[in-house]
């Protein structure tokens, strides 16, 4: 059964606890569960991880080669600065869909740039927690094609 | 039955005819049909239009108020320069999902900026023709919630 | 009797219908009527047009030569990007007063630049619908001098 | 009777004496008289002052609170650099119409930026000495509304 | 017989009528006639069109595929901003020579950038109406080679 | 007894009267009194001055040499533009602590730059009127060391 | 008893050992002890931590919610680049005073920008190790008010 | 008989030997011969020179006054940086057509700017070696007019 | 006898007292005396003034019309920011030589720009107090020619 | 015996496994072995480490003081953003040679800037794995001198 | 007897022949003679050279060490781009006065920057041919001091 | 026997004579001799040249094709501006190692950019005269591989 890694970066463990006006009321556990359920429905195994450490995210991407068929990556704040994540994606070769819960283009200028986007397969932005399910579905379609 | 407008901008009528390496082999008719089928499956009426004229796209957005519950907008080249489309979206109030077939962030710098993104509900980028179906599904989830 | 063209650009046909907090409650018809009334009072014929199409605005300016003694131009979103409107003004030679209902300098950065301003006779900005009447009056004074 | 302050900044005391090709032949006295006459006609008391000193202009704005219902401010060269004037306007709360006799957008780049415009009620630019009368009239309409 | 499209953009219908010091005394009809005559002399059919509407220029380029062997494109003001024209050229595949009557590099800064130039076969700039004839000749040499 | 000059720039005489949401309800007199009281407690004489005139602030700094052991300088709007104040500080050699009542980094971009900061001994920003007392205490510690 | 977290970032564990001309002769232990002593004097419990790892600093801020009433944060080099720290502060909601021992505005340009400052309560910059004590005192005043 | 100088700058002596994919297979001798033949056909004497030295190109332009009726200048790499060539053209007054064999706008950014273009009569870019013949023809037309 | 105004701006009254390594040991009195002596030697009356106030410098330039044949202007810090001084020079029409004692181009970047230079007759920079004498001599040569 | 630390940053543990066209076929183990062999030949002990974590690289540099005579640092992606590494080098004082296997100047713009280079002893760039041996040799020459 | 080198760069051999409106009617020979005469009057030997070649100017500066006590350098167009001239001045150590006949700050933007100014002793700009005599006089004063 | 060209640019003939603090005490002859000795040791013939003239450096690179197997190029000041050298390297095809004796990244900003680096095989920077020997050794390894 093909498998997908849902990888969340810094401060996403705070989801649902703070700033619900911006990020919604769902916790990261809620989202993880929704991801696994969506995957089950589409015949995909889904593994969910989170870290506040850039290096651990790099490690996770590096070790995904051979283990996962796709990565849904919400790199949070590291999206905008991390060349290391970009290089890890290039070095690993597993396709990545970049995801943001809120619409980063409606926020501060420094959130408009993504170091990851040019090496991502695609992006889903601003569609809330639903975006995770859509990204998993996109991988399902991709793997079926 | 709620209804969705799929609105395509300049040169998207050329899909499938030129540069298939970049945009895929599907024609705009293929995509329109897929959109309507996806809508039907999700209980949404889907109307599809295309124009090379910025003013006609503005007209189409203005007249969508009251007529549509959401717009999937691939504004093509006008994405990057059209403040008129942005203002039309603001003036009309119908939620818009911005869509690009190819990953614009892996292309020329001038394609990285979107005048529309800050006023869009969300974005789906680089996921190919599948992106249209995902956008319609996103509206379905939104309308159900 | 001298005559003035009041030319409104994209989305100004939405006036009074949407975002009244920003643009006020008057519709474009209300403004057109006020313009004609002000003109009548000052001995000027006033003709009012609106289009969402950049090309139609260019056409309107080109054909104003010989037909009008002045243009009150609220080019809306095209103000900030349209070199074609600028060139049309230069090619036609009819004096233009650039007008904005809201104070564009209190809004997004991209609204601070005008491609038209350097070739305009003058500007009236942020004075609401009253600005149209003041612009017509300015032409009256100019034509009397 | 409501009253308006017409406040002119550096070098406007030289009007009519130098560079008449750019600023016209009227002296500042001529303009002051015209302003008072326009005010009288519209039921407004008009007080006119000029200073070459940024600090004196700040003083004048600060002391206008309670004394004036509006300020027509041609801050001349300080328009482009004075955050102190901007802060004085914000601190005082009297509405300000920013005015320039010549079309600053047809001149050097550094004259295109105004530190005052974002906190002004509106702007009248490039309409010559007539602009002062239009600004007073704009206040009259505003006070009547 | 091979055929060439001479496509002129906004305000070029004003040629010879206004600003002759900048653009010369020839009207667009004069130039069209000269183009057809030059084509006839070189064994090329030449078709001439003009529009002030960006969308119509996009339409014209799209429909040139199969119908023309080359396009001489003076996109006027749209040269500097139109990504839609650029994309149309890429989508259509007909070779384009970009043309400007005046030397755009001796004019305002915003005329120095061309969105079209990177996808053009070549450029002829500042050589007056003669430039059209030279462009047609360049296509003749290209088609013979 | 060592002495400290508390020097306030343009519009700080408006404190407590306007925009209390941003700057608090204390007047400048309240702050001056608090400064003198804090100084008395720490064995420092404190002198307080305010001016809206850049030149007067320059004069005050120049004449502080020999008269004061430190300056707490809230230069207000001149902070961001005044090279003259910077040069006066360098020429005079009395150590300066730059102070802002509100957090300038949470406000407009032009308030983020300080021409004075590079020649200041240190900065206290955004801590409200308390900041003045902290600055005086910092000088007390410095003079004791 | 209210409590304060003093959180130091990368390379601050080297204080007193290297570059004493720039950062002074006190070690981080000296500063920690001074912080605890100042806290004790003002009725505040003070906890001191240091890490060279951005992720650990993010963890520390996240877990401070409920545990601390304020954070004195010297994020060292991460000040200038870490959006993750900024987001952690926003997500956690504990007030932060940003601190720098040296005057960063008198050093390299890249040290002038702080990603943290716009979300900080205030800043104390360039006042040496004394700055830590002043920051703790600022929290004491704040908690008393 | 009028005469034209064809002046080639650095590395153009390498034509045909290296990078034929970019610059074509013709050597500089081939081009020189073609230029002289085109000139002969049009009643123009054509003289061809090449140098890798900026100073020698300046010398050549200076001494062209009185000796030549026009210069076809391919300044190669010096196009983008040489103010000295620009000044020589201004000081000499002989009309210059700037020429590039390849389309410089489809290459690196630094090749998009020309220090010479603003003082050139016109430009021919990207039309290969044929461009030289077209430039000579342009001078022929110009001299006949 | 023709007369020259030597006008010094902010902080130049501190000359010789502070930073002698940068500005030399001569006081402003020494320089004034040297200027008058040089003038006497060349048949020119020389008047010397200094102010720290931008407005007073504007006043001094405005009143120099008819009174002086030339101005040697060391505007100090205002050189880099004062559009008011620039406008005063333009409005007054008396020729100005801009002077700096130290080489501003070897100092901070913000000292490299002069708002005055484009409207000055010429500049003398970095030649120390001798520069004043050279400037007076330049006016003498100019008045003799 | 003097000793050298060879410190590799993020993704360099992937060498030889991915993108061999860009980085070559050698693994990091191969390079480490080559480094130790080169050191042995030159009388230097060589220790090799790698981490994907910025904080661990900072730790490694801090603890190199007294333990190593030089560091060969390939900081990978952190080269371009890490002020923390720069500060660690400054704080530690051990000389560093910055190394890149590929020619970063022939790649994306963001790889052209190095935060480390200004505090490095020197750089070796683009010479492949051989660069490590050359760097060790450079330290050998330096230690012998 | 001390000696001065007057070194002129590209296109200055054209002085008096072209663009007299900008540079005056004097030829370079006239200026050379005036320089020698001024030198003779002040007890200085003056040697004058000109070259259009950057390399020859570098050679001339390098060989001036020991041979000349000062250089008056009008580097013409190379002023704005030549780091080689800057390095030659630094390597040679002979003091240089940079000179421009016209006011470069009243001309194109690219003439406002000088690569030489930061390493020059001083500058004389815009004072016409008289500037050369003033520069020689400045060296005379310097050598006497 | 393979051969290497060591090519030095402007002002490198001054090595050892001036600014030894920056560039060391070795003369260019010393370095040339060291290069030849290193080459002899590694079985490479080494030829050394220097010129202050950009054109001569271009000539030298052009004529190296077929004559040399590699070039060690210290282009000095031309490194930062010379597109002609870049083009010569591309046109010639001989591999180039770019070399700088001092660490250019620790110096002025304009020395951080290299026009040559993107087309070089690699770079050695800041390792002093030793760098030349390392570069020759790098070619030796390359030729053996």
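Brief remarks follow.
Per-chain numbering from 1; labels A, B, C, D, E, F, G, H, I, J, K and L assigned in written order.
Keep in mind that, in the parts below, a residue touches a chain if its C-beta (ideal position, glycine included) is under 8 Å from a C-beta of that chain, and two chains touch if they have at least 3 such contacts.
These figures come from a predicted structure and were not determined experimentally.
Between subunit F and subunit L the CA-based rotation angle works out to 120°, given as a multiple of 5. Counting the residue numbers used at the interface between subunit C and subunit E, under half appear in both copies, so the two copies meet with largely different residues.
The chain pair D-F and the chain pair I-K differ in C-beta contact count, and the higher one is I-K.
Repeating the E-H interface with over half of its contact pairs identical by residue number, the matching pair from A-J, K-L or I-K is I-K. We define each chain's centre as the mean of its Cα atoms; on that basis subunit A and subunit F are separated by 48 Å. For the pair subunit J and subunit L, the distance between mean C-alpha positions equals 23 Å. The mean-CA centres of subunit B and subunit C are about 31 angstrom from one another, to the nearest whole unit. Residue positions of subunit C with contacts to 2 or more other chains are 53-56, 81.
Contact between chains, using the touch rule, shows up for A-B, A-G, A-J, B-C, B-E, C-D, C-E, D-F, D-I, E-H, F-G, F-I, G-J, H-K, H-L, I-K, J-L, K-L. Residues 9-11, 13-14, 17-19, 51-56, 76-78, 80-81, 110-111 of subunit H touch subunit L in their complex.
Those residues of subunit A that touch subunit B in the complex are listed here as 97, 103, 105-106, 112, 114, 117-128, 130-131, 134, 137-138, 141-142. On the subunit G side of its complex with subunit A, the touching residues are 53-56, 58-59, 62, 81-84, 86-88, 90-93, 115.
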